[in-house]
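The same chain A turns up in both complexes below, where it pairs with chain B and then with chain C.
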Partner chain A sequence: MTERSGSPFGYAMLAIFGALVAAFLLLPLVILCIQSFTAESFLSFPPPSYGTRWYRHVAAAANWREAALSSLVIAAIVTPLSLVLGTLAALGLDRGPMRGRGVLYGILISPMILPHIVLGLGIFRIALDLHIDDSLLSIVPAHLTITVPFVVISVGASLQSFDTGLEKAAQSLGASPLRALWHITLPIIRPGLVGGGIFAFIMSFDEFIITYFLSVQTRTLPLEIFSTLRYQVSPAIAAVSALTIAFSAALTVALMMRGQVISAGRIVR
Partner chain B sequence: MTANPKGGRYRAWGLIVPTGVLYAVTFGIPMAMLLSASFARFEAGRTTPGFFLDNYTRIASDGVTLQVFWNTVTLSAQITAVGLVVAFPVAMLMRRAGPGMRLALMFVLVSPLLTSIIVRNVAWMLILGRSGLINTWLMDWGLISSPLALMYNRLGVIIAVVHVYLPFAVLPIYAALRAIDPARENAAASLGAPPWRVFVHITLPLAMPGVVAAFTLLFILSMGVYLTPVILGGNFVVTLPMMITDVARNQYNWPFASAMSVLLLASIVVVVALASALNRAFSPPRND
Partner chain C sequence: MSAVDLEAVVKRYGRVEAVAGVDLSVESGEFVTLLGPSGCGKTTTLQMIAGFVIPTSGQVRIGGRDCTRLAPHRRNVGMVFQNYALFPHMTLQDNVAFGLRMRGVPRAERDRRVGEALALVRLSDYADRYPGQISGGQQQRVALARALVIRPDVLLLDEPFGALDKHLRDRMRVDLRELQKQLGISLVFVTHDQEEALSMSDRIAVMEGGLIRQIGTPGDIYERPANRFVAEFMGESNILTARILSTSGSEAEADAGGMPLRLNGSGARGDAVTVMIRPEKIMLGRAGAAGAGGIPGRVAALQYFGSSVHYRIALDCGPELTVIRPEADPVSRLAVGDGVEVAIPPGIPFVIDD
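Here is the complex of A and B:
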């Protein structure tokens, strides 16, 4: 018996369950996207008539444009900085001595298990003291604390399967350590950089509670959705939400194309 | 990287310094301030630093905070239980599926992770609300006469939080299942054990490290979750993070908010300790 144990019946049951879970995970998002194309003033499913009315409304509304812009600006600053910090730290761990590596790794990814509410409260306090609340000066470092661990994990995983002999070979042929790093190491660990970068971007783009503490004037997209969200979901929120889903879907496909879904899975493990 | 391997190796740690400085400013110092502030005294809007136990005695005696804390613990336990029950079969399926199906499942699991949490909450409002999809359809079909309360209660919060965190539960369990040598299961089966016995006596015990990891992640994440209970729970599900936010942002009572944060962190430390005890208890016999 070379087959893995378990009956075909059991497999069929699992497959049905898996399909139900897939529906649970994806259908709410699909339904939201369909509803966002309503031409009515209220959301219902299926919409009585379709149109791009609410997309045009959102594109013209100053509050949504400003919120989307500030979210994009913050994420665009945070992502490269997280890649630099996270990659340096991962390299330091990888090239450093074995001793203490586990402890250092634990410290580097420790912000992941800290509730963001506590992190937000702490950063809010220190930002008030330094008079940098409601500013990129506090929001960017706060986001970095959340995003850097993802880059450390993702790049660290890539480095583990990297053969440092290649770097040594380049150096023995006369390349400086920095040149070897740039031309040999970084291209080879690119999957880890891409995966970590995408996760960092999403984490920053989606961050809510810390920004909620820090911001007075600054409105990011999650904050704007939150403050607009009363007891009813307006079609405008549905349209904005559908746009961010489309954006995420594009990123997921980008990850898939690079065969990165597996390593993205590794990130959350 | 250098001719002196030993010194060079330690020098590599210099690359960690920038991140270390960042963490010190955004994480180390704020946490130390938080701990010290939790022992400060807050009276009539004024904070007196010092070593007072006021905030902790208030937690223990005001009757509200402990109740909210207990609500948070039971809610997290419910989320964790539902999450594990849903995640385990999915992980089993991923293990037994062919490469194509496995990739499809991975896509289904990872794509929500890349989708904004508040957007996913909005999606659930459209489905679970009074005039949401489920209630509209059930009433159109004449199955119910008045809308069911599917959100603004625990049910809605559990559904939406499980939706957000399910991938974090599936992936560690899948990793543990994948590490199991099928030969062990086949050996039991060839000795006559029916599939359910193989599962209970071989597969499940060997998968326990993954289950414990999933349990830990789900519980910790659920204890700290803010946005989803606020949106799907309305004001009817109050958790510790919601209370901390209110006390800090609206009442400016930083010392009491700090003490509640310390309580939250302490409970997470307990969960992690519990998980490592469980891990030891369930640690599978050595492979050889």
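Here is the complex of A and C:
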């Protein structure tokens, strides 16, 4: 560890500032979670009485269960597809010719910087023309435009530090290029794959704007929250939101622990 | 039958000719070294044997079979990389087993052969470790075991000892040479270190500018270099231009800027020839001392290397010579400016192509 320089006053300021930023980011979530445990029929803060009434309500309500299920199904289809497409793209960028690499990379990750409303509108038009709106046939590809860039970035970063000499070594030992990829490259870049996959899952599970354009009958969790919100501010929404947050947080923690386990294994060298 | 044949092999990258026409045969069980300065095409040549580089023209045969355009994984060639390229996510056991797994060798035989290979490089106790948990020298040995276990037609090594310290490097040289003889394996070794090449090889191919400038046994290459490049690359040398004064049989009397020389080699009277004299073959004595009786000169400079001393001698007749004497030599207490006498035994000056 290197010795850090700086005055105790500086540290104190840094700590206070850090705490303020964390509070700013987390406070709304904390309030929402507390509200979700209200025993009343209306949202208020702080709730006059506490209970798990609304969690029981959500668990029993058909609309919430169906919405959660369709979100999970979509994310479960989108995630492996994103991994395959994103990994192939990252490999292509890494191994292909230098020329045009930057442009191609920019195009591939552009959905991350384009306003989703613009993206949604474009996809909506195409889906209408092809008569595939309000179906997985349009929702899954639409989600892919958003999730694939995350995989490209995450896997691309892993490939940066990957020594292609290892693939050559595998080939000299009798592995075809495809088997070298499978047995050597993919296991070694697994942290990037796991990270990209979890990101893709959360992004898809969470997606609202583009899905909103495409859906009529289909109800994903974010859509159900939105439509419920338009008619009533039910504490059920707080409960659903709290559950979603817990789910995403669990995935993120799993991701971080994974990263730690992996780096602990490697750090020995 | 030869293990590897390269026939008029050329590799061009755009306008750069990395390999400009190489012919080379490696006999079965032979240790051949490609030696040369940086950029002379050693790695490119090796990669064409391995299949990672496809020649622009020419033919590569392995075990008599034309492999010029065959993919690397379809050749039976073992390779040891400079950075070892061990698979970091596999134990040493699994690293060594990889080639056998790819070949579909059954489990029992695989385990037996991996065990043997690890024993061969004295790493049986480390089978369950990961590459990150062993030293550089041990990694080197795993890389060797991994390449040997597939019983390759030829083993290729590209500067395999570059990352090791001197002590370990010397040890690995001896180990590799012993293993190679013991297993009777054909081997192509790449280095830019002439000592390494001299101490290990059956034959050395000295390369320059994408061409083999000379190929021969270490003795041939060192004692009888074909040209100035090889002479200079293979260690310290004195290279002089001499004029032939008279010839008798295979011997000739010549004069190099006032210094009389007796050469092996033919030539007509009056011919100018280029002559190489290895500095450690020159006798040196204090001026006037008994047994010296040679060409007079003076110590212009000296460098002390522990086991030997390198002198720069300015001869009274003009030319300068480098002379290397063992430190134990009685003349070793010479100082700069001391008068000396130099003698060059007959047959030591060697005529080379310029």
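To be clear about the criterion, the second predicted complex is superposed on the first by the 247 of 269 C-alpha atoms of A that agree within 3 Å, B and C clash if a C-alpha of one lies under 4 Å from a C-alpha of the other, contacts with A are read in each partner's own complex, and residues count from 1 in each chain.
Rule of thumb we're sticking to: contacts are C-beta pairs under 8 Å (C-beta built on N, C-alpha and C of every residue); 3 or more make two chains touch, one makes a residue touch a chain.
Treat the numbers as computed from the prediction; the structure is a model and nothing was measured.
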- Item | Side-by-side fit of chain B and chain C on chain A, or clash | fit
- Message: Going by the contact rule set out at the top, does A:Ser7 touch chain B (first), chain C (second), both, or neither?
- Response: first
- Message: Touch test for A:Leu72: chain B only (first), chain C only (second), both, or neither?
- Response: neither
- Which partner does A:Leu137 contact after superposing on A: first (chain B), second (chain C), both, neither? neither
- In the three-chain superposition, say which chain, chain B or chain C, touches more residues of chain A. B
- Thinking of the overlay built on chain A, is A:Ser176 touched by chain B (first), by chain C (second), by both, or by neither? second
- Message: Which partner chains sit in contact with A:Thr252 here, chain B, chain C, both or neither? Use first/second/both/neither.
- Response: first
- Task: Please work out whether A:Pro111 is in contact with chain B alone, chain C alone, both, or neither, and reply first, second, both or neither.
- Result: first
- For apex chain A with the CA centres of chain B and chain C, the angle to the nearest 10 degrees sits at 100
- Message: With both complexes superposed on chain A, which partner does A:Ala61 reach: first (chain B), second (chain C), both or neither?
- Response: neither
- Message: Under the stated touch criterion, which partner chain does A:Leu229 make contact with: chain B (first), chain C (second), both, or neither?
- Response: first
- Which value, in Å, gives the least CA distance between chain B and chain C in the superposed three-chain arrangement? 5
- Jot down the residues of chain A that show up as touching in both complexes, chain B in one and chain C in the other. 177, 265, 268-269
- Message: Which stretch or stretches of chain A touch chain B in the complex?
- Response: 1, 4-7, 10-11, 14-15, 17-18, 21-22, 24-26, 28-29, 31-32, 35, 43-45, 84-86, 88-89, 91-97, 104, 107-108, 110-111, 113-119, 121-126, 141-142, 144-145, 148, 152, 177, 198-199, 202, 205-206, 208-209, 212-213, 221-222, 225-226, 229, 231, 233, 237-238, 241, 244-245, 248-249, 251-252, 255-256, 261-262, 264-265, 268-269
- Message: For a test of understanding, state which residues of chain C touch chain A in their complex under the given definition.
- Response: 50-52, 71-73, 76-79, 81, 83, 85-89, 98-99, 102-103, 130-133, 146-147, 150
- Would you tell me which residues of chain B are touching chain A in their complex? 1-2, 9-10, 12-16, 18-19, 22-23, 25-27, 29-31, 33-34, 37, 86, 89-90, 92-93, 95-96, 103, 105-120, 122-127, 129, 131, 133, 136, 163, 166-168, 171-172, 175, 182, 185-186, 188-190, 195, 198-199, 213, 220, 223-224, 226-227, 231, 234, 241, 244-245, 248-249, 254, 257-258, 261, 264-265, 268, 272
- chain C partner contacts - residues on chain A that touch it in the complex: 163, 165-166, 168-177, 179-180, 183-184, 187-188, 265-266, 268-269
